[in-house]
Each structure stands twice: as C-alpha cells, then as structure tokens.
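In structure tokens below, several structures.
Each of the next two complexes has chain A plus one other chain: chain B in the first, chain C in the second.
Let's turn to the complex of A and B:
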C-alpha cells in the first residue's frame, strides 16, 4: 500500500473530528474559524509557540512509547503515570541528596535515578506476571495509585519545601538541572533526549534480533515460543523498558521543567500517551509524528483558552474523536 | 435457470489491493445437493464463500436466492436467508459448554431465567436427526477437533439454515470422523438441505459430491457432474498443464526402492526410552525409542491424539522430556532448549499452523525467518539484515509458489494453503540435520503436496534425516523408508518399506499388537 493510501484514513479522521467538534464550538457560541486557526497555528506563528510545542512533545512522546513498547509484545502498560511519578521521585531524591555534586556527575545521576525508579515501577507488574500470571493491566493501573500516594508522602515529608503553598519538595542541586538552549522562554535539552530515545526505540524494534523477538511475541506468543523465543522474558523486558522510558519522562520533568518534585506534575500525559499510541496503532515508528501533532493541538488549546476563553477540554474532545475515527476507519476498511 | 437452483452467484469479482482474488466467477447451487468446490491454494474458494456469507463485500456481481436478487451485508443477513458457514479455522468459546456455544447470539425462550430446556430439546432433536452425537453439557475445551466441528455444524443447523457451507471440514478429521461426517451430510441432503463442500482431497469429492465446481486463480473453469469426473480431470482443471503428472510422486505407480539401512552407521537421531508426563500427571508418551539415520525418512502413523503432537514437541524441545535420552549427531540434546535446537540443526513444521507456526499480524518476511532469526545469513546475532531477508523472501516466494503480493504482505491476508507454504518454505530453506514435519501437507493442493514430497526426497538424497508425522497413511507409504506406529503414546511397531501394508499398519494403529512382531524396535541397533 502506498503512503498516500495509508495516510488517507488519518486525514479523514482528523477532518471528521474537527467538523464534529466544530459543531459543538459553534453551538457554544464561539467563532469556529478563529478557534481552529488558534489551535493549528499557534505553534508556528511565533518562536515561542514552537518551543512550547517541542517542550510539550517530550513527555508526550515518552509516555506514548512507554505504552507502545509493551504493546509491541502484546502487553498493556497502563501504568505510565505511576512510572513517571516514580521516575520523578527517583530523580528528585537523587538530586536533593547529592545536591552539591558538579553537573557532570549530578545530571547523569538524576536522569539515571529517574530511569531506574521508573523501571522498578515497571518491573513489579512484570514480575507478578512472570511469576504468578497476574494480568498486567490490573497491576499497572493499581500501581498508579500507589505512586500517587508515594509522591504525596515525599512532597509532604522530610524533603518538603515549607515555603511553597502546594505539596512540593525543595529544589534539586543546580548541577542536576538540564542545560538550557535558551533562557527566555526556558528551552531545556530534554528534546534531545526524547529524540534519541525515539530513534533508539526505532532501531531496537525494527533492526535488532531482540526487537524482532518482541514483535514476534506480540504477533503470536504461542508460535514465538514454539520457535525458540523466550516469550515470558520478552514480556518482562517490554514492561521494564516501558517503565524506564516513563521514568525518564518523570526525570526530565524534574530536571528540566520544575527543578523539584511537585504533586500533579504528571498532568494528563499518560492518557494523552495512550491516545497517541492508539492513533499510531501501536507502531513505534509512527508515534513521534502523532505525538508532535498532539503537541501542536495541546499548545494551541492553551492559547485558545487564553485568547478566546474556550475551555481546553474542547481539544481533548477533538483528540479523543480523532482516535475514535481512526479506529472506525479500520472497521470500515476491513471488508 | 432450472427450478432446482436455489442459489446463484453471477459474475462475482473481488479485488484485494492488487490481487484479483475472484474474476467474474459464476456458481450455482441446487436444492438437495452436495456441491464440491475445488481449486488450488489461493484460487479464491474461501473468498467466494465469505462473500456469500457476508464477511466480504463483492466488488461486482450478483447473488440470486431462489431467483430473487439479494443483498447480504453480514453474517446476520446470510443466516436470515438461510445460509450458514463453518470456517476453515473456526472460533469457539473454550470454557463454555457445547449448548452455550450453540445458542450464543440467538434469542432464547426464557430470557430472564436462562432456563434452556426448550433449546436443548431442539438441539438434541437435530443431533438425532442428522447423526451428530455430541454431549451438550461438556465444555468445548475438552473436545476433539472432530467433535468441535460437529458443534459448529449444529450451530448453523440450529439457526435454521438450508444452505450450509463447509470450508475444508475434513482437514483435521480422522478417517472415521470423515465417514461419519459424510453420512450426516447425506442425511441433511435427503432432508432438502444444500451443501457447499470445500476440500483438496479428490477422493472425498468423488465419493460424496453430486456436482463439482473447479476454480483456478480466481476464475471458474468448469462445473462437472460426478459421473463425468475423475482425479486426473480435476487435476488438469485445477492446475492447467503446469503439473508434470508423469513425474509426480502423488500419482506415482512404480515402486521406489527402499532405503539401504546402513545399520553399521550410527543414527543421526536417536531417542531412547523417552517418556513425557503432562501437567496433569498423565503420561502422554511411554518409553518411546526411535532412531533415524542420515538420509532416511521415518514416518509416524497413528490416529490423531495418540501422542504425535507431544512427540513432535519433545523432539523440537518445545516441551521437556520427563525420562529418557535424545541424541542428535551423537550429541546429547535431551535438555537442550528449542532456541539452541533451531540454531544447531532442527527444523519444524508444526501441525497447527495458525496457532503454533504463524504470525498473522506480522508480514511474510518476518514469518519466514521465525526461529532462524538469530542465524546467518539473516542475522549476525544482534542485528537483522533485512536486505538479505527480503531478498531471500522474494526468492522463496517464487520457489515455493507462495501467492502473496510480496515480502511486506501481512501474513493474515494469505489463504490457508499459502500460509502452509510459508511454513514449508521456512523449514526447507535452512539446512537442518533433522526435519520434524507434522502433517506438512495439510490444506495443500496436489501440486504443492507433490512439491513437498520432492523436497523431502531431496533431503533424503543429501543425507539428512526426516521425521514425518502424519495421519495420512497414503502419504506415509508414498515416501517413508520406515513407518513407526504410535498408539496411546507407545510405539507399537516399526515397519521397513518392504513390509508396508495398510492393513497391518491399520491394525497397529487401533492398538492390536501381533503376538510375535517381526519388526520391533529392538531389532535395530
């Protein structure tokens, strides 16, 4: 099939969801065209808009990959949020405890702390699955709640910043901050990490034997097992990788954006990550592009709320509708 | 159109991407007939019937039901018109009972209490009328494929269909089950039902069908009455002149010379006193000893479910040996895992192609390297060399005559027989000390069967060992050097080619052991 043919259903889905949401916007008494031009072009009108989009892209692409990598092996990781929080906690704790270390030591430690903490959060469901065959959907979801409790504990406990009005820890050492390309607006180097991860994931899944085994496991675990692939290990590995990447997104949030751990820093990134992953139909290669498109919408949404007073939720509806229409186009095409 | 005709498809065309699956096909079905649908792999049989059953939309053409044009949008419409279908790979709910599976999706009388006596009575009635005896209260998981097929037929009958489509219903049945099925079909036809019967086995067609339609590469070639038909006519119609019947093994009449058993040589493969006890503690293989020499084809014959699957999986390292010892090239491989085995010289064609051997969501290239994906030239152990893989895949698509649009085609798009060809290509394309082939020609058309036999004989000439596990006795007799008969997990006897005798083997297959077996395993070193 040609690229055009493949892209067509996406295009139609986007158009259809814009029309559907447009009707609502019009009914609510807003100017549809103004709303949409704000949503679509904010990212490209000013350098600031573009930078905001790139910053938004970082957690979105990482969360989506945290979902699609296990999905490649046929496992559902709905715990990206918990893993991101765990990663944030790991990064913040390391950053605070060793705050006096120089940057060339502290920054890698902070990032690594996030990755490891996220990986551990992914490893728990993986181990339960491996050992006791407990469904990973259940455990990953439940661990989100555990992580929420944990971040509350950390942010109100010993590391708390008493001066802040919101549950927050004290700042991590300056050495742990991600370097900035630009001070105003602050544009941190997380984008480089995210792009490297996306490329790494692409190389791993599309080029390596391990990645092939991951795909084969997802395509038919029984057949993969018969032909010598250690399927259960692939399950564990996939959830571990997913957790590590989600953890990384938490670490970047701490080291690049907040410079401390703040309750609520996970935002709604996981849900958006799921939507991105599903729109991309689980294809790791497509994820970065969809993530970028969603980042544009998200940035446009905030601008729209600021200038036109249309609630940001409208864009969330658009995103969900896109997903719905993409899935629908699959059903229609099957015959 | 005569008044006998109840269903007619005219000028049906269906295109998938660039493949023309059906090209102006015409098909008519009379009342109370069994109509055979024949054709090579990928000829479009399943597609045509899927259109009739509403699973695919046709691009062109018409469907006439009792002379009236009908529009079928989905299986629900089809059933409303009295058309039912039993698929090649059907789906049932494993932990539901037979009864529940049958009535699933239909209205029941006592909707709120879920009391199903009325339904049960109706089904029992059908069972009796058509000689389909099934216990309605057992769960599906515990049943054999043959019985599950009956459930599937009952499901259609229960919905009151008068046209029943059976897509390769006999591929997974034992000969006894096939006979029983045919008897039931006859009763149905006498009752006024019409049946479309897809198969690759000419003998079945000749024994049970009233009329036969042959498809070739999406076109219909001919429709014949049974009395005008013979095996050769069909083969000619199905493959054109492509097949060299004189040199085929399938039609061979001359006796092939038996393998000269160089008994002085060590066997290439040797299993001694191997047992396997399954998870539930039931012994499935008992004290099995079997050896295969280089350049020998050893067959394993038996009624399905007597331990063949376990034997295949033990040899290929999929399941662990409970007791005993296995040697390959004098190396102990008893506890070697299957990943190692595939690397060091075992190839495998599993019986259940869709579950055990195929990745429907992956593409053809990815399917072809499964199990060999860590070996040269496909991979250096860390990275897969897709360029080589694609090149090889293209060559194999040609050599093994796989009908597909290319290496990137999704596996699930292939027809049943073409999926089997992928498995065959995978197993033969890599050099292997031992090939374990379990019902390798299942679902293949005759030229492809012949091709597989040629390939096996080539292995034999090149001095490689082959273990052919098959339920098709004719197949075993055709190409094996020795045949071992398995019954309830035990090898009851091993016969050399000179002593092949259908009746002797048949007796052993049903567990009757002679007093003084001349050819026992112990006679061999």
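Let's turn to the complex of A and C:
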C-alpha cells in the first residue's frame, strides 16, 4: 500500500505531462498515438532496443548520482558536464600515452584516470567553497564552460586524429577498451560498473557512519556541527565524490563507447541527470529506477525522431514537465 | 588608438545582454525571488525573438515576443514560489530545463532544418546627431543600436525607481524583511509578482539581443553561459542597478578580449582565451563575494500565516 501511495504521484505526473505534451504534438499535426507508442515501447520491441536502453542508463544514472550525492549534504553540483568531460580527457590521455600496456593494467588506469580527473574538477568548486565560502552553484556551472574549451583544445591539439572530420583524438590502446558482452550491437561492461556504483552509493549513504554524517549535514548543518561533524569537510567530500562519479561516466564513455575522445561526447547527460535527481527528490535509492525510466524515454525519443520526424527535444520537454508535476504533487499533498 | 576606440566601442556594444539580464535578476531578487533560470529564459528570448522577427519582418515585434516569453517565465517562477511556496532554486532549474528544450524545439518545428541558416536583419545603429561626431567619444558612445541606449536608460530608471520613490522603497523592503513590510501595509505578493515578471521580460530581451545584434540567426546554446554570468554580475554589483551597469562593462570587456584577441592572434591557444570570461568571473567572485551586499530575504519564500520568518 505504501509503495502504491508513493508511486501514485509519480504516475499522475507522468500522465499529466504526457497529456500536456500530447496536445502540443497534436497541434503540430503529428500522430500522438504513434508518437507515444514509439517513445514507450521502442526499448522493449527488439533486443537491440533494450541494449540501447541499458547503454543509455549508464551515463544517466552516474550523472544523476553525481548530482544527488552532494545534494545529500545540501550542496548543488551543477557541474556534472564539466566533470564528465574532465574524466573523459583524463581517461583518453592515459589510454593514449600508455597505449601499449596490457589490458589488466591499462583498463584500470584509464578508468582511474577518468575518476581522478573528474574528482579534481569537482574539487575546485569544493575548495572555493571551503576556503572562500563561494556558493558552489555558480562555480560548478562556470567550470562546465571551461571544460568545453578544454576538450576542444585536447581534441584539436597534439592528440588529434587528423583523419577525422570532427575534433577527435586518436584511439586509446586496445587494452583500455571495456570488455564487450556482445559484439553486435556493441554492449560494453559499463552497466556493471554503473550498477556497482549505484549499490555502493546506497550502502554508503544508508548503512555507514560516514554516509550518515553526510545526511545529517544536509538535513541541518548547524545541528550536525554541534554534534561534532566537520560540516565544511563534508561539503568538500560530497562534491569530490560527485566529481569522481561524473568523471567515471566520462571514462566509461571513452573506454566503452567511443574508444577515443570526441568533442560533444557529454551530450545532454548532465541536464538529464539533474532532472533524474530532482524527480527522485535526491533519494539515492530511487535514482537508478528513475534513470532507467528516462533511458527508456530517451531511446524512444531518438526512434521517434527517425521514424516520425518529431524533434527529440519534444521528449526533453516531456521530461522537464514530469519533473514540474512531481514537484507540484508535493504541494498538493502538503495541503 | 583606433584599436582602443574600437575595443571600447565593442565593450559598450557587448555589455547589453549583461546589463539587461543583470537588472532583471536584480529586480526579482530585490523582493526575495532568486531566479536561476536566466540561461533558459535568454535562450527562449533569443529563439522566439529571432523567429518572430524572421516571420514578421519586424525586429520590434521580435523584441516584444522575447519580452513576453521572459515575462511568462517570470510569472511562472513567481506563481510557483509565491503562491505555492515551492523551492526557488529547484523551480528555477526546472524552468531552465524547459527553456533549453523550447529554444531548440521551436526553430526545429517552425523552420525545420535548412542548409543555409535563415537570417534576419540585425539592429541598425542610431547615430545621435551632433554627439556622434565628437572625435573619439562619438564613435565609442553615441553610435550604437537602440538597445545600448535603452539598457543605460533602464538602469538609471531602475535606480531612480528603487532609491528615489516610495514604491521603490516598498519593493526593497519586501526583499529585506517581508514581515515588517507586510505589517506596514505593503502588498508583498503583488511586489514579488511584478518584480519577477518585469525582471523576466528584461532577461528575455537580453537573450533576443544575441541573434538581433551578433549573428542574425539562432543557434543552439548560443547564450554560452551568459545567463549564469549575469547571476555572478548581480552579486558583483551588490543587487543595485548602477553598480550592475558598471560591472557589466567589466564582464563585457573580458568577453570582447576573449573573442577579439582571438582574431588578432596571440601566443595562447584560442581555447584558453575562450575560458577567460568564466575564469575571470570565478576570480571576481573570490574577491567580492565576502563583501557582497545581498537582500536579506533572497531565495526565501514568505508565508504570512507563519509566526516567524
């Protein structure tokens, strides 16, 4: 009963936003029924569709966690994009410089390179917050734009692949590629990493002292401080962890999907991650499920654009509306 | 000398989006509504302003449309935070997402994908008679498009309204201590609505400046973080109209430097110059954030039925 009660507002929010967007789609002169059946069922019609959904799930759940972990401590990390790019750069540079290493060395190094680079990118705003008390929201956002220029520099600089038309680096060593479950369509092992991270985050926040301190800090920093929790250090730690996880998502993109660094690889994963995190209301346990639902919508959106010529942004608006309605359902319940 | 004159001219030209978005943010914030949807609202303003100008052939109508779209976002923000008492930051983010999505969706469904970008005529320069023929100062100050002059007039007008009129004092009191303001008969709700709506209109207009002056067309993500920079600018200017006007000269100068030195050529790779506006802003925040004067009630919602604020 409680699960039904908890799920009901989500369900109503989804229905409401589909109705709202449906009116818009109909006004544009498209077939609403066809559009929605494409969005909802592409993931389940073919094995390929389901694998695409799992692949989309990986960056989405990691980006969402990169947002919700700092949120647990009451801090907003809007820098997942920059941290993901930094992670991608770290992974690619390691993978190219040590390309001759065997897989059992290179793959961990590539992943670690991404995690460390992402953590550094998250550490900058954390340090500015710790040292100068500067609001982390703006600094994390601004660092995204710095990272966008940085990836352009890396992709057009010394590591550039001159054969590629788009700014791209040369490929990383084969040892750095994530193993595949399946060759066609390529289905890499990133999903296992993502699930392990999601479980790890759940155990950390729900079952350990450190995680409890994080939650206490977010719930009431002053009270937490009185009980001897080093609140400011928890802020730094939370942003560092968020950066590391976002960096990991960049490393997986390089090691699993592209095998090289490509400008634009960050897609719009960060914004989707924020939407997922906010729909889940910052609850780390709920994040993976919401992320999977959004992955279904995203795969459906590309199919809808291909077959029905409805721009993918339509689905993005649906997702933003779901968020808005979920937030509104809180207000309704309060009354 | 010519380079310097040209540089200063460009600084004035490029300050407009910062001025308008900064004043818009300030106006809402002065009643306690902290808007973080600027980036999305500016994108919608740019997109819609471009589309309406393209189809109507009138830049003026484009500006009106951009302002209306911004005002609508402002109304939404005010309604969700003032009437429904929802978290300002979270609602701001949600509106930001909707803005980003709408701004690319609209041109895609209305114009579709074309090989050559559809262009509108950019805003013409209005040389002010006599003043524009003063050597050096004339070309720097008095030969600009109408929005350059308008942004200065709006800033001074806002200063006069906020600091020299009764209504302005009332508006500021809502952002400092709404309980007191309320008890003295100031309508806090009305003030919050109107400041956020008019502020939103200014933010929408600032977005429309980009296609109307710089590029003549709309491109995805063309605001390039200026919306977020505007928030930093507002803090930098202490939530006060005239310091924001002067602060925007600095933000604009950095932007011009980042994009013009690129053309001149330099010893640094151009990507590092592109980082300049964002890094400079972070440095400015380090220097000014501690001393920044902020409305006491910024970001909070006022519920008159609660006992304490």
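Just a few scattered comments:
One rule holds for everything that comes next: the second predicted complex is superposed on the first by the 334 of 335 C-alpha atoms of A that agree within 3 Å, B and C clash if a C-alpha of one lies under 4 Å from a C-alpha of the other, contacts with A are read in each partner's own complex, and residues count from 1 in each chain.
FYI, a contact is a pair of C-beta atoms (placed from the backbone, for glycine too) under 8 Å apart; a residue touches a chain by one contact, two chains touch by 3 or more.
Every value quoted in this text rests on a predicted model; they were computed, and no experiment measured them.
For the composite obtained by overlaying on chain A, chain B and chain C cannot both be accommodated without a clash. By the touch criterion stated above, A:311 is placed in contact with chain C alone, chain B being left untouched. In the superposition on chain A, contact is made by A:228 with chain B only, not with chain C.
Shared-chain residue A:219: touches chain B; no touch with chain C. More residues of chain A lie in contact with C than with the other chain of the pair chain B and chain C. Contacts of A:33 after superposition: neither chain B nor chain C is touched.
By the touch criterion defined above, A:209 lies against chain B but remains apart from chain C after alignment on the C-alpha atoms of chain A. In the superposition on chain A, contact is made by A:150 with chain C only, not with chain B.
When the two structures are aligned on the shared chain, A:138 is found in touch with chain C, with no touch to chain B.
In the superposition on chain A, no chain A position is in contact with chain B in one complex as well as with chain C in the other. The part of chain A that touches chain C in the complex is made up of residues 28, 76, 78, 128, 132-135, 137-139, 141-146, 149-150, 152-153, 156-157, 271, 274-275, 278, 311, 313-314, 316-317, 319-321, 323-324, 327-328, 330-331. Those residues of chain C that touch chain A in the shared complex are 36, 84-86, 89-91, 93-94, 97-98, 100-102, 104-105, 108-109, 224-225, 228-229, 231-232, 269, 271-272, 274-275, 277-279, 281-282, 285-286, 289-290.
Chain A meets chain B in the complex at residues 1, 207-210, 212-213, 215-216, 218-220, 222-230, 335. On the side of chain B, the complex with chain A involves touching residues 17, 55-57, 313, 316-318, 337-343, 348, 350, 355-362, 366, 369-371, 373-374, 379, 381-384, 386.
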